[in-house]
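Report on one structure; see the data block that follows.
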Amino acid sequence: MSLLSLSPQAVATVAFFMVMAVTLIGALIAVAARNIFHNVLGLALCLFGVAGLFLYLNSPFVALMEILIYVGAICIAICFAIMLSEPLYLPRPPRSASKILGGVVGAGLVLVFLGLLTRKTQWVPAAQRSTDWSVTTLGHYLLTNYALIFEVISLLLLVAMLGAVVIARGGRGSS
Amino acid sequence: MNVMLFGPELYYLGAALVFFILTLKRQPQVKTDYQIAILLAGGGLVVTAFCLFQHGELFYKAYRVDLFSQIFKFALALAFFLVLTISHNLAHIEERYHAEFFLFLTTTTIGMMLLVSSVELLTIYVSLELSSYSLYILVPLRRGDGIDVESGIKYLLIGAVSSGVMLFGLSYLFGATHTTYLSEILPQLPKLLASPIGLLGLLLALAGFFFKLSVFPFHFWAPDVYQGAANQVTAFIATASKAAAVALLLRLVALGVGYGYHFAQALVFLSIVSMTLGNLVAIVQKDFKRLLAYSSIAHAGYFLMGILTMKEAGYVAAVYYALAYLVMNFTVFMVISEVAKDGRDLKIQELAGLYRRSPLLSLSLIVGLFALAGVPPSIGFTGKLLLMTSAMNSGYFWLVLIGAVNGTISLYYYLRVIYCSYFTDDPNLPPVTISTPIRCLNYALIAIVLGFGVFPDRIVELAKAAVKTVL
Amino acid sequence: MGSCDPVLLACLATVLLPLLAFALIMIFTWRRPNLSLAISLTASTIPVIIAWTLFFKLDVSKPIIYNFDWLVSETVKVPFGFLLDPTSMVMLVIVATISWLVQIYSIGYMSGDPGFGRFYADLSLFALAMLTLVISSGLLQLYIAWELVGLASYLLIGFWYEKFSASEAGKKAFVVTRFGDIGFFMGLVFLTLFYGSLDIASVNSAAVAKSMPPWLITTSALLIFCGIMGKSAQFPIHVWLPDAMEGPTPVSALLHSATMVAAGVFLLTRIFPFFAASATAMTVVLCISTITLILSSTVGMVATDIKQVWAYSTVSQLGFMAMGLAASGLAAGTLFPGYYHLTTHAAFKALLFLCSGVFIHHFGTNDFFTMATNGGRKLYIPMVTITIASLALAGIFPFSGFFSKEAILGALAQLDNKMWLILGLFGAFLTAYYSFRVIFVMLFPKPGAYGKVPGHVEEEAHSHGGHGHDEGHGVPWVMSFPLLVLAFFTCILGFCQEYLQKFLLGEAHPHHIEYTLLFSAVGCALGGIALAWYDWGRKDAKCVGFISKFPALQNFFIQKWYMDHFWRWFLNTFIYGTFSRIFTYNDRRVVDGGVDAVAFSTIGSGRLLSFLQTAFVQLNMLFMVLVLAGVGLYLLMGR
Amino acid sequence: MLVFNQLETYLYLALVLFAIGLYGVLVRRSLIAVLISVELILNAASLNFMAFNRFLAPTPAVGQIITLFIMAVAAAEAAIALSIIVAVYRKLKSINIEHATELRG
Amino acid sequence: MTEHAATFPVLSCMLLAPLTGLVILLLLKENQKFLIRAVSLIAAGVSLGLALYTFANYDKALGGLQFVEKYEMVKTFGITYFVGVEGLNAPMLLLTGIVIFTGVLTMWELEVRTKEFFIWILALVTGVFGVFMSYDLFMFFLFYEIAVVPMYILILVWGSTRKEYAAMKLTLYLMAGSGLIIPGVLLLYASSGLGTFNMVALHGAHFSPWVQKVAFVLLFFGFGVLAAVWPFHTWSPVGHVAAPTAVSMLHAGVLMKLGSFAILRVAMFLCPEGFQYWAHLMALLATIGIVYGVFVGLAQTDLKYVIGYSSVSHMGIVCLGLSTGTIDGINGSVFQMFAHGIMTALFFSSVGYIYDRTHTRDIHELGGFSKIMPIASAFFITAALCGAGVPGMASFWAELLVFIATVKVYPVNGLLAIAALVVGALFALRVVQSTFFNTPNPKFTHFEDVSPFLGLPRMILIATLVFFGFFPQTMVGMIKSAVVPFLQGM
């Protein structure tokens, strides 16, 4: 009952925090867990979270794409790669404290730095803002203003595919 | 839309298609493939030269064709062609992948060509990635016992992180300016520089190009990749890739005249550290390509010297030097690939007795290295001096002083190489035979390096005209 | 200055003919003795004729000056020119004549020597330089000739260069005289800068005293005197002259007794008025020349090498001349006494050397005890002429030395301080003693009695150098002819005093004969001869010399007052031992070491920096991030 | 103002993601884990773009398109990276980044 | 400075002669030795002839720059090909012509990699000619470096005695000098605001005292390295020892003069105030160099080391003369450059002859060479005497002028330098004595003396020395015609 009494905003806020938590926890798992498989799962979790954030940012289409491409393609590919490479049962080397310290310092510095800057910055919205969020417009843009990139991306993907094939096959073929 | 505007890109796209078809063949025909490749490359050179004086805008102003871009496209086509001329013995790449090698080389060339014409951030990013990814693939394509993939993965990691950082920076730029078009960013530049996040975004965005140019501190990939990649691939990275990076940096920096004192100082710092570090570390190298990698780091510092002047003369010098660097660096790589016929990594000592084994190559080597060291009468000397002149004209006395002292340091290791090739001898090493086309290539390169060094006016005027189009 | 002026042509011929000879022989004919001889002799005969002709025919009571621009910079203007005045005319005659005689003499002396052509080339070079020196119109030109003379001396002393001692002596001569020349050069520089002209006529004029402060005149004069000390072998840089006797004897006769060493004294006379302007300088000259006189006389007493004896004698006589000039300068006298002694000395000392040369040539040794033992007195012409020359040297009437010495002693007597006179007389005494020591030993040899003579070694006569001789035949006429000519001059020059005086000074001073002085001088000379007779000549002479009564002193003299030791020590300790070593060490370690250190530290820093490129890509990336953060921080701070 | 309606929220979030990704890149030994971290970085950038797109940009399509392209690029990158990782494993028998230490100096 | 254009491009021909020779050599085969030598000789001969022609036909009364040629090279940066002759560089051009001509003759017997050798030599000479005739700073510097770098290869391949070390040291040292020159030159270029490298035009620009001081000190030390200014001289003995004969000749004879000439031509000409500010330092370093050179030379036993240090000392004299900034001093200085160039060439060519046969340069091991090869010895002795400052040789006059000028301006330095002459004589004669006098070492008695053909180059050198020793005004008048306006300009 009490749940119902919450305003939509409150619900959205709570949900937002949950999404945020999912994102961050996923990200942390993705980098902190020692089992590589857990990392992938963490990544997937994080990506789901990001997709959720995209929803909050008014773009269900991109959120969907996020899940499709990232979770559906990239994570799976990573899983395959894991299976093709190092067995999981191998003993893992212990963590190195100094390395972690370095990582924390490096990443922390950037975090604090950019964080402070972000806080200080006064973000100014554009004077005239279109409210056209339709996917149609998106498609229109893709085929007009961004047509070149669109084509280049296709080439890029082709190159990546071919390259992946060539490289992944290469070692085996020669032996 | 005028097809001629997009001519080179289309041509190379077609070439890529041809190579793609070639990859599909079951039985590799190395010789035929190579002949096709060199023909296509030569054709590309012609097409690019033909389109040299095109100018216009394409794709809703995301793509700009002007003398500046066309000169660099020509340079890229030239590099592509030159690298193919020394690809007649791709000893370290399996025969069945030769067609793929040509394909990826073509795609990376396309990427760079797009890069030098792009005036929109996303286009820049994507074409940068296109050129990079093809190279990521080319590097581990080499047949080797581990350093090939090691260098490949290191290249990729550093590249991925750099481009990630760049992208992150671009996002801030986007946030600050609400646009991805350089032409629209330009009017907002003062505002951008006034806001800390904009400034930092710019810095982060430059990271990707610094990575390409192997400017300190984004230089770490260079030695490993130079050493680990096949000689021809390294040659391409060392020539075309550098030229493209210079072009883009120029375009970005030439956007506005008022980057301010501190921005320039930061670049001065990077320039000084780059050249000093590169030169100092190069001294202790034993592998020739690795040495050249450090030399390229040092040269990145020199390029910055021209760029950071933020004046026309500096840009002209930088363009001139980029073209010069392409030719002279290639001269050295040609020697490497001809001497190391089996595609191995060339230790400096393995150059022993080169003057006897192939006098012509040893001459080319000397000319190339002296040019890199900035010894007259070479294109490198003139270029370097023009860079320093423009830096001095902008008041960077200490930068010039340090640059000049660095020239001395660099001479040390170039001379060590010359020492090996010219003085030491190892009777076990066989003579190096070179084919007639390569012989002609040698003569041509020597003539270019020396000729344009003494009579640089044409190139300088061309560069000046080109720079005028981006200002 | 028409080029057809016969006098000018004569001057030019005098100078250029030897030059031509030198060049021709050096470049073309040095392998062909006879041709070389012909060239050289021609080139030396013509100047003799010219010199004598000019001497008698030309009126030089007013100096004749020819000047051409040789080099014109700003402050430095060097003319090339000739100054013919009495002083130079006399010297011109002396130099040309003796040089000619020596060339004739050398035909015999040097015959068969492999370097015959070279010898004549060098002699021509010397003639060129010396003649130029004599008649040059400016001090700088004189200096140039002066240096060239030194060069010729160097070449001739080291003529037998295979002999270590000869080449060493040549080097020593050159360097030591150079040492003095530096002073000379500095003096010239001072004159150029503070006076502005190096023209001899102008330097001698009264204008000098007006335009230069006295201290500067003194300094310049003393500096120039350094050059004179070097060339004329004055204490303490006389050490090269005795060693210079390593050269062939004709060379010793020509360069190291008659002409070249006299060039120093000649210079002193040349700019006598300039020197006379500074009493301080003159006093210094007097002191130094007196020390030289005494020193070399005492050393001459104990030498066993005949040439050494004459060498020290030369040193002492040069000192004597300088004394005379200095005394004249101080007492407002004229340059005549010193210059007169120079003239007579040139004749009799050349004669002494040439005679000794005959002996040396004949017996193949320089030790006059050995010569005597081997029958030196049988060579009549040289024996007679050497005795004449010794008498002249000792200052016995009527030989020329008597007159000139007496003139100098007269000048010394004019000084207030009589100490100088006494020292001069003492020098005369010693001179007589050591010269007759030689004569008596030669005339009355006592074989077997010389064992105790310090320095003398009983030895077989050995062949000298490689120019052996045929026993049996007498003295060739080419060698005896010069002896006779010189002996003639030795005899008559004494009676030309008034003529010369008139020629030189334009007026003949009435000749006062101060009998006290005269008798004391002759007495000293005779005393010296008597002592020599007592020690060496009489039948049962002990042949050890009176000085052996004082072993310490004798040793001191035999060691030549330890001057050679001093210089050797000086050279080893300071030049080689200190400066050279320190500088070399500094060069190797500090300067070059510093450079190498820079190079190595560069390489080292390269090695150090290469560790930045670790194999661990993440470390590199961390570095990347940190630097980027740093740059970002800078940008934001600076904004 | 609602927290999810604020630009800064997203920016901070993206920044944290970026930092975490950077940390992973700097620390993780497994090549695959590093790749995962790189993906995080790219996502952080995408999030930034989307956020700016939502709150500041004049046309909302641009940011979305950029994000889409980033995804495509990321996919391509992953494909290449993974294939190289597999090749690394074949040659070095390990995907531990610290085992690839042949090149140095 | 007035300029008189050339009716015929003499200077370009002088520059192109070696270059053409070089290109022809490239086309020849290594085993066509005679042809190779002949081509090199002709190339050198043509340059020498043209140098003589300019020297003789330079109109002293007219003065200024003559035989001027000007072509624009790079408009954007104001680079022109601007060559000319005046009293200062005419002697240098002549010197270069003589030394290269005799150098080629000296190396006539070279059998190892003949073609390459002459190629590099001609390249080097092109650079030297270029420096001496250029009046454009950029081209000046370009030629300067062209002249310096071939040295590395020449020493490395045909040298001896620690050649790797020496070649590297020499080249790096000189290039480090360039490292100072570049900022100096560019500072002048930039602060003139004229946007031209034309030296004559830059001379008219008014540089601030600060710029002048900084630029002068940079240029002085940068060029000073090549002129072996103390304490930057240590490359010189090492380098000379290692270099082959003709290279030593060219290097000590001509290249070192590039340094001093450039100090005069660039540093002093463009930064007169800077010169005044640093002149005392210059004089001090020069004096130290003079004294130091002779003392260190005294302790050396390697013939070439001795000559190397004597060069340090003699170049000190050059520098000392420059530092006075007076007509006499600069006259003497330039004259000394010329004289020392010829003299050192003679030195090295004589030593080279002996070394080529005996393969030793240790003065204790040699000895009695006057007996074995009288002519070769005579050459060396002449050079040594010239080095000791004996009159009748060109260097005497030069030293005379310098010393007098120096005593006037810096009395103490001048007197010290004069005093060093004694030690200089000592060390020259010491070498002569132990090498050429005394008893011959039986090991070497079978060697033959210089043949007339090989004697020819040495004779030319001696003749030059003697000619200018007897007729100094030929040279001094020439130099003076430029020095007087030069100093007025300052």
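Going in written order, the chains are labelled A, B, C, D and E, and every chain counts its residues from 1.
FYI, a residue touches a chain if its C-beta (ideal position, glycine included) is under 8 Å from a C-beta of that chain, and two chains touch if they have at least 3 such contacts.
If you're wondering where the values come from, they're calculated on a predicted model, not measured in any experiment.
*Asks:* Which other chains touch subunit B while also touching subunit C?
*Replies:* A, D, E
*Asks:* Cut subunit B out of the contact graph: what components remain?
*Replies:* No subunit B: one piece.
*Asks:* So which chain is farthest from subunit D, going by the mean of the CA atoms in each chain?
*Replies:* Centre of mass proxy via C-alpha means gives C as farthest from subunit D.
*Asks:* Can you tell me which chain is nearest the middle of the complex, judged by mean CA position?
*Replies:* Minimum centroid-to-centroid distance belongs to E.
*Asks:* Could you find the chain whose CA centre sits the greatest distance from that of subunit E?
*Replies:* Most distant chain from subunit E: A.
*Asks:* Go through B-D and C-E and name the pair with more C-beta contacts between its chains.
*Replies:* C-E
*Asks:* How many angstrom between the C-alpha centroids of subunit D and subunit A?
*Replies:* 6
*Asks:* State, to the nearest whole Å, the distance from the C-alpha centre of subunit C to the C-alpha centre of subunit D.
*Replies:* 96
*Asks:* Using mean CA coordinates as chain centres, what's the gap between subunit A and subunit B in Å?
*Replies:* Chain centroid spacing, subunit A to subunit B, equals 32 Å.
*Asks:* Centroid from C-alpha atoms only, then distance subunit D to subunit E, rounded to Å. What do you get?
*Replies:* Roughly 64 Å separates the two chain centres.
*Asks:* Could you list which residues of subunit A touch at least two other chains?
*Replies:* In subunit A, 99, 102-103, 106-107, 110, 114, 117-118, 123, 126, 146, 149, 153, 156, 159-160, 163, 167, 170 touch at least two other chains.
*Asks:* Among the residues of subunit C, which ones contact at least 2 other chains?
*Replies:* Residues 610, 613, 617-618, 621-622, 625, 632, 636 of subunit C each touch two or more of the other chains.
*Asks:* Touching at least two other chains at once: which residues of subunit E meet that condition?
*Replies:* 172 - these are the residues of subunit E that touch more than one other chain.
*Asks:* Please list each pair of chains that are touching.
*Replies:* Listed in label order, the chain pairs in contact are A-B, A-C, A-D, B-C, B-D, B-E, C-D, C-E.
*Asks:* Would you mind writing out the residues of subunit A in touch with subunit D in their complex?
*Replies:* Result: residues 9, 12-13, 16-17, 20, 23-24, 27-28, 30-31, 36, 39-40, 42-43, 46-47, 50, 53-54, 56-59, 61-62, 65-66, 69-70, 73-74, 77-78, 80-82, 84-86, 93, 99-100, 102-104, 106-108, 110-111, 114-115, 118-119, 123-133, 137-138, 140-142, 146, 149, 153, 156-157, 159-161, 163-165, 167-168, 170-172 of subunit A touch subunit D.
*Asks:* What does subunit B use to touch subunit E in their complex?
*Replies:* Touching subunit E: residues 313, 316, 355, 366, 370, 375-377, 381-382, 385-386, 388-389, 392-393, 395, 397, 400-401, 403-408, 411-412, 415-416, 418-419, 422-423, 455-457, 460-461, 464 of subunit B.
*Asks:* Of all residues in subunit C, which touch subunit D in the complex?
*Replies:* Going by the criterion above, the answer is residues 610-611, 613-618, 621-622, 625.
*Asks:* Where on subunit C does subunit A make contact in their complex?
*Replies:* Going through subunit C, the ones touching subunit A are 618-619, 622, 625-626, 629, 632-633, 636.
*Asks:* Under the stated contact criterion, what part of subunit D meets subunit B in this complex?
*Replies:* Those residues of subunit D that touch subunit B are 14, 18, 21-22, 25, 31, 34-35, 38, 41-42, 44-45, 48-49, 51-52, 56-58, 62-63, 65-66, 69-70, 73, 76-77, 80-81, 84-85, 87-88, 91-92, 97, 100, 102-103, 105.
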